[in-house]
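Shared chain: subunit A. Partners: subunit B in the first complex, subunit C in the second.
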Partner chain A sequence: MFKNNTVLISIALLILMFMFAVGGCDTEKVEHAETVVLRLEGGDWGFPQPYTRYSRGPGNAKVNYIFDKLIEKDENGFIPWLAQDWEILDGGKKYVFQLVENAQWHDGEPFTAEDVVFTFEYIKKYPPVDAVDIFMDDSFLLEVKALSDYQVEFTFAGVDPNLFENLSSVYILPEHIWSKVDKPDEFISEEAVIGTGPFMLTDYNKEHGTYRYEAFRDFWGPEPAVDVLEFVPVSDPVLALEKGDIHCAGIPVDVLSRFENDPKYTIVQRPGFWGYRLRFNMEKLPVFKIKELRQAFAYAIDRQDLVEKTARGAAVAGSLGVLPPDHRWFNPDLPKYEQDLEKAKALLKQAGLEGEKLRFELLVGEDTEVRIGELIREYLSDIGIEIQVVSTDMKSRDSRIAEGNYQLVLVGHGGWARDPSYLGERFTGGDRGDWSSGTPGYYNARVEELAKQLKTEIDEEVRKEITMELQQVLAEDVPEICLYLTTGHDVYRNDIHDGWRHVFDHHMMEHNILSFVKR
Partner chain B sequence: MGVSIASIKQSIFRVLEYALAFLVIISLNFALPRMMPGDPFLHLSGEVDEVLTFYSQKQVQYFREYYGLDRPIHEQFLTYLKELAVGDLGFSYYYKEKVSTIILDRLPWTVFLVVSAMALSLILGIALGSYSAWRRNQWQDQVLYTVLIVFSEIPAFLVGLALLIGLAAGLGWFPLAGAATPFAGYSSVWEKIVDILHHAALPILTLTLARTGGIYLLVRNSLGTVLTKDYMVTARAKGLKEFRIRYLHALRNALMPLFTRVAIQLGALLGGAILAENVFSYPGLGLLMRSAVVVRDYPLIQGIFLVLAVGVMAANMLADLAYKYIDPRTRPAAGLKPGAALPLPAGGEKGDA
Partner chain C sequence: MAKKILLGLKSTWQNLSISGKVAVAILILLLAMAIFAPFLSWLPHYRSSGPPLHPPGWPHLLGTDELGVDIWAMICYGARVSLAVGLGTALLAGLGGGIIGIFAAFKGGWVDRFVMRLIDIMIALPDLPVMIVLAAFFGPSLLNIIIVLSLFSWSIPARVARAGALSLKEQPYIKMAAHYGAGPFYLLMRHYIPELLPLILVSMIRLAGMAIVAEASLAFLGLGDPTSRSWGLIINHAVNFKGIYFTEYWKWWLLYPWLFLTLLVTSLALLGRDLERIADPRMVRMGVRS
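This part shows the complex of A and B:
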């Protein structure tokens, strides 16, 4: 009788033991001492060519290791890359770029001006994932012409002060391969990842989310500082970094202390270029056109408190001049709008809104955003404004923004370090502004004027001056409130690789090709 | 002859039922993703620290035309049906690959997890459940009961995290993530199998721990009821061997509700697999489904749900068939010959609820 039960139990135990036994036979991997193998967090971000990488996440960086652009970025600004030098003619409507002469494609073919001409024709016909409007527009980009093997001339109908930014997102494709491709988003053969960049793709696995790159020894530019670059799946970055599965990771501020006293780890704070903004719907609710009401919001909301409570200190409070404090053209001399409830109430009184029943709906996304929304509700209730927080998923919120279907909305995204011309996109156009990028219902003559100047001025110093003033005007007018920008920390193994760098407008060192080449 | 006509009739009815369910499913499949608010190409916001590509309205327009989303909805539905009829599940907007290829790459991993976990928890649950039932209210029963209830009440992802921190990070017995060692050049098939089992061990263990409790309880209770039935007394009185009584009479009758439950629970188990896959970064359908919904990749959402629906329907059909085999009462009445294989409970009593 008992025997039968014992058999059953034994089977169960045996199965469990088998699982543990399988677990026990871990084989230690031995690595070569000479070659530098750098492992980073993987995940599937698409086949790394400009048409098949995914539009979210680090897919772009995966392409960036393989393909070069005419212009790159470093800590301070734009730097020559495939274009070594240039001449600006006709007041900025014509550019002649001098290309590197010793560059070659990973298959050994030489790189020439014809490849550049081809690329700009090709992207006009087939927009890549990261398409740039002005290069798709025949009426703006009039001609791209090879003057010699290493000289290429661009002719524009107007001036584009963002030209370098735009050029730095166009990957140059080899004509001898891509001229035969008419379905670029289905092109995933080995030939599709032949670039001129410092790394060659040697392995990609979609379902496992792994990438493996090897240094391209004939790279025209600075020598790669890493021999092999591997992206592997990670369940928890903290555990993976401690175990040595990966060598650099973003680490939450609560567990940072685990890495602080070990000399083989270096901790770097990220610049705050990912931010939350609170937007007013001035078109649907004209009451938001009252400047004092918006200023009262700014004085009521304790942005530093939001940083402490919802980002646990790993963020920097936003500036009312919109450009983030880590932006290279940030204006530090703006009104600070530290929390001041009395001043907020006084502003409401000044606007004749005292005693009015002010009740608004605040649309937020999920998780952290709900907490931010709840805190905003508390701050504003102190000055007699009632807020109802409504939470939806990210995509639904985005749709409602695009339709203008909100009163107040909280939205978070990156890209705050870009050229300040985005201020023009956000705050000009008055009633014509489109809902997804603009602020319909908002109009300020000075903002319109300064934004217009930014659109045509190409002298960097002058642009900086204009940007300083523009921030001043915005900080006074408060067309929206930047709550905070997340910073966070990266921790890396300095004994494996120590060349990590940020570029001036991006918070991820991993996405920067200069992090992987020698200086 | 009467036998076959009745059963053919019943089979036709069944097939029609399933065909109808299938039609409803593919229509819902097409409609639901499109009814969700959100647009596949409108990117305004991202997760914290996420890098995303903004599309201008012009680019959004281009992509909508390229993927045919600008056409009237009934035209899109007809295209979907036409393509589906020839086995074409469409092209993913986000993954830029054929939906069927993406799913086929991921499906085996999930099936592997789910089937292994289901098999293990069935074996464990049945073994422990019947042990408990036979030892009802003795100390062995009480210990097992407490332990298994505790395990089944802890959410699967917590069990997963505990295993990850304890066994993988702490003791280093298992890898932290993934389904296979990246870039491993295996020297033999055996090595590959061991590597895959090694990676799958913790996700399977997580799912098994989460599922065993339920099965254990069901078996324990239903066997407990069966053991008090008259036909058990009859069997004993007939002088049948204890083994035969336990496994052929008692357990077989007690397992019937289990089959229904397993078939119905397949959906829930897939849900559990999504959590486990997320905890262990395991490359299955669960991870894929999550991201497909987040980015509103209509063809991929349709494809995944279709596969899941077909899977669950197939499981139900199998349960139907298995039932016929285990419980002769569900066969058409005319098919039941006197003295059929199973000893039936006396007085038309129902097996168990």
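This part shows the complex of A and C:
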């Protein structure tokens, strides 16, 4: 009747453990055959095309192996990709991109400027999972025109300081296939995964969460460095890495020492660009519109303690100015909000909430997030605020955020190192109907103004100043609380593949296409 | 009446094997632990009281978990949750299922067929997905866990009771009683229930063991408070701590709650086995009785 027999599982695990203790580190010897097969941890992140993937980093990466963009990212910034060169005209309102001429689609058709023109028309009609506002906006993106087979011209109504970031999230689709598709979110045939990228999808299994890619030998760019890329189900990453089932994994700090002295493993620290934040739903609970209440939350929560306990020290405490300490435009001169219960209580009193029964529901995901929730409950109980922690799986939590169906929510995700214009996406325009952006019910005139300036200003120095001020305003207003940014470690087998690298604004090496090509 | 029950208990105790007696003793100890939890633990069970992952020592007798919560305190209070779920489910599913089973056998005909098909459906239903749906429907609480677990386990005692009642029905003395004009209520109260109660009790003890183990898994499906402190949840958190088997933390964080859970479930199983032997006259006749 009850299949979840914890005791049996525990016994089995204990036996397994003893077997390993006895057997020592006798990992299987990986054969150095001609073909390089790289295996990574799997999980279902959706069918890998721009309309059916799941809206998180791993889902995006699965598409990125197949489809190319005009612009890519490397360690230092944006780099030419399908667009190998460009000319900026009209003070930044017009761009002429020179495309690579030797690119072809996985089915052998040549890639041309018409495909680019088609893609930008198509995404306007059918916004993909990760839709970029400015390309959806007819009044901003005036025209995309092919000047020749390998030249394409973009005409904008204004100047977008963030154009390359935006272009680097648009996957170019083949016109000869997608022009016939009018339900892109139901398009899951073999043709749907024909791109120009370095890998071709050869297998996908939703139930098992497995993906298999093979290198595309006629790839126009740098040669793929692995022949086969497989995402396989893994129950314990540490065990799987030791056994050679997978070749790269995030390893907790407490067991890092197992890999330190073995020359076939390389340990890389992740930059702190993946963070947890606590969000208030001010639309559903207007009491959160009281600034002092939000500040009291910030003073009650001990972010450093969270780092020590739930991240085992492998994280940096977040800033109330939202941009993480590792961000290039981080403002270090902000109020620190170190835990101060007396001050938190004083703020509640100031807001006239003293003695009121404050009871909120905190929505969290699974595992670590439950633990973070427990600690938040503990901190807030010290200032008389009662928290009920409700746990659900990640995907339901994400969709509840998109629906605005929460009071307080804890959510973790990447992308914190991107251009600060994301602050505008988070704190202006209220509820945006997707899980990653918007703050329902929140309005601050100064934030609106600065975010707007940030969207149009192109002078980097001025943008930096705006960003500094924006952080100042946010740190005072506390529309959300950034708890911490994880800086865990990835360990990889350097004898299988050694090309791993981080791009300048992302925490995961395996989400980055440059990790899989020879450079 | 009370004297009769006491006598019954006394003879049952005398019939128990050594392992059964030990099991009863352990169960009584665990019950006492649950009742006197506030006196047995000197540190809070709901919040951190020391450094994270502190090995066993003073004042943390069994160490602390990743948040610094005292494990001994959590085990003391966790006993309440585990026992409440175990007993609650056993009572609800065991008595409910038992009565349904006896009733079906007694009535026969379409009632019996209907109950049997219902039991078939309950057995065929994939319990986990349905439990998730029920979880979303009821909302989280301990009572809901008990109700949902009962909904999925009444079919076992129902089948046991029905089979027993069917064979009783053919006994000459029952037929005789019915012939002399005994009404259905009299027959049920006087013959069926007293005769079948031991069998139902045995399956209830089995259910309790299963329910305790299932509780932890269910809480993580959203049907329950994931921040509560049942033994299953302590284990669940420990197992979810990445790489715990490669560190020494499992030696206290995982081992002690697991030990208590195993003690409880094993005691229930041993007691159940003994009671089954005592309750089932066929086994006595076959000389199984030691």
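To be clear about the criterion, the second predicted complex is superposed on the first by the 298 of 519 C-alpha atoms of A that agree within 3 Å, B and C clash if a C-alpha of one lies under 4 Å from a C-alpha of the other, contacts with A are read in each partner's own complex, and residues count from 1 in each chain.
Keep this in mind: contacts are C-beta pairs under 8 Å (C-beta built on N, C-alpha and C of every residue); 3 or more make two chains touch, one makes a residue touch a chain.
It should be emphasised that the depicted structure is a prediction, and the values quoted were computed from it without experimental measurement.
Trainee: Can A:Leu470 be said to touch subunit B (first), subunit C (second), both, or neither?
Mentor: After superposing on A, A:Leu470 lies clear of both subunit B and subunit C.
Trainee: In the superposed arrangement, which partner chain does A:Ile177 touch: subunit B (first), subunit C (second), both, or neither?
Mentor: A:Ile177 contacts neither subunit B nor subunit C.
Trainee: Of the two partners subunit B and subunit C, which one touches more residues belonging to subunit A?
Mentor: After superposing on chain A, more of subunit A is contacted by B.
Trainee: Applying the document's definition of touch, where does A:Ser391 land relative to subunit B and subunit C: first, second, both, or neither?
Mentor: second
Trainee: Now for A:Ala225: first (subunit B), second (subunit C), both, or neither, which partner does it touch?
Mentor: neither
Trainee: Which subunit A residues contact subunit B in one complex and subunit C in the other?
Mentor: After superposing on chain A, subunit A residues 1, 4-5, 9, 236, 368, 392 contact both subunit B and subunit C.
Trainee: Considering the complex alone, what residue numbers of subunit A touch subunit B?
Mentor: For subunit A paired with subunit B, touching residues are 1, 4-5, 8-9, 11-12, 15, 19-20, 22-26, 42-43, 46-47, 51-52, 54-58, 60-61, 127, 129-131, 133, 136, 185-186, 188, 203, 205-210, 212, 230, 232-236, 239-240, 242-243, 245, 250, 270, 274, 365, 368, 392-402, 411-415, 434, 436-437, 486, 488, 506-508, 511.
Trainee: Using the touch definition from the top, list the residues of subunit A that touch subunit C in their complex.
Mentor: 1-7, 9-10, 13, 17, 236-238, 251-252, 254-255, 258, 308-310, 312, 366-368, 370-371, 373-375, 377-378, 381, 388-392
Trainee: Mind pulling up the subunit B residues that touch subunit A in the complex?
Mentor: 36-39, 42-59, 62, 94-97, 102, 105-106, 109, 120, 123-124, 127-128, 130-131, 134, 164-165, 167-169, 172-174, 176-180, 182-183, 194, 197-198, 201-202, 204-205, 242-243, 246, 279-281, 283, 294-296
Trainee: Which of the residues in subunit C come into contact with subunit A in the complex?
Mentor: For subunit C paired with subunit A, touching residues are 46-48, 52, 66-68, 127-128, 140, 152-153, 156, 210-211, 213-214, 216-217, 220, 222, 225-227, 232, 235-237, 239-240, 242-243, 245-247, 249, 254, 258, 261-262, 265.
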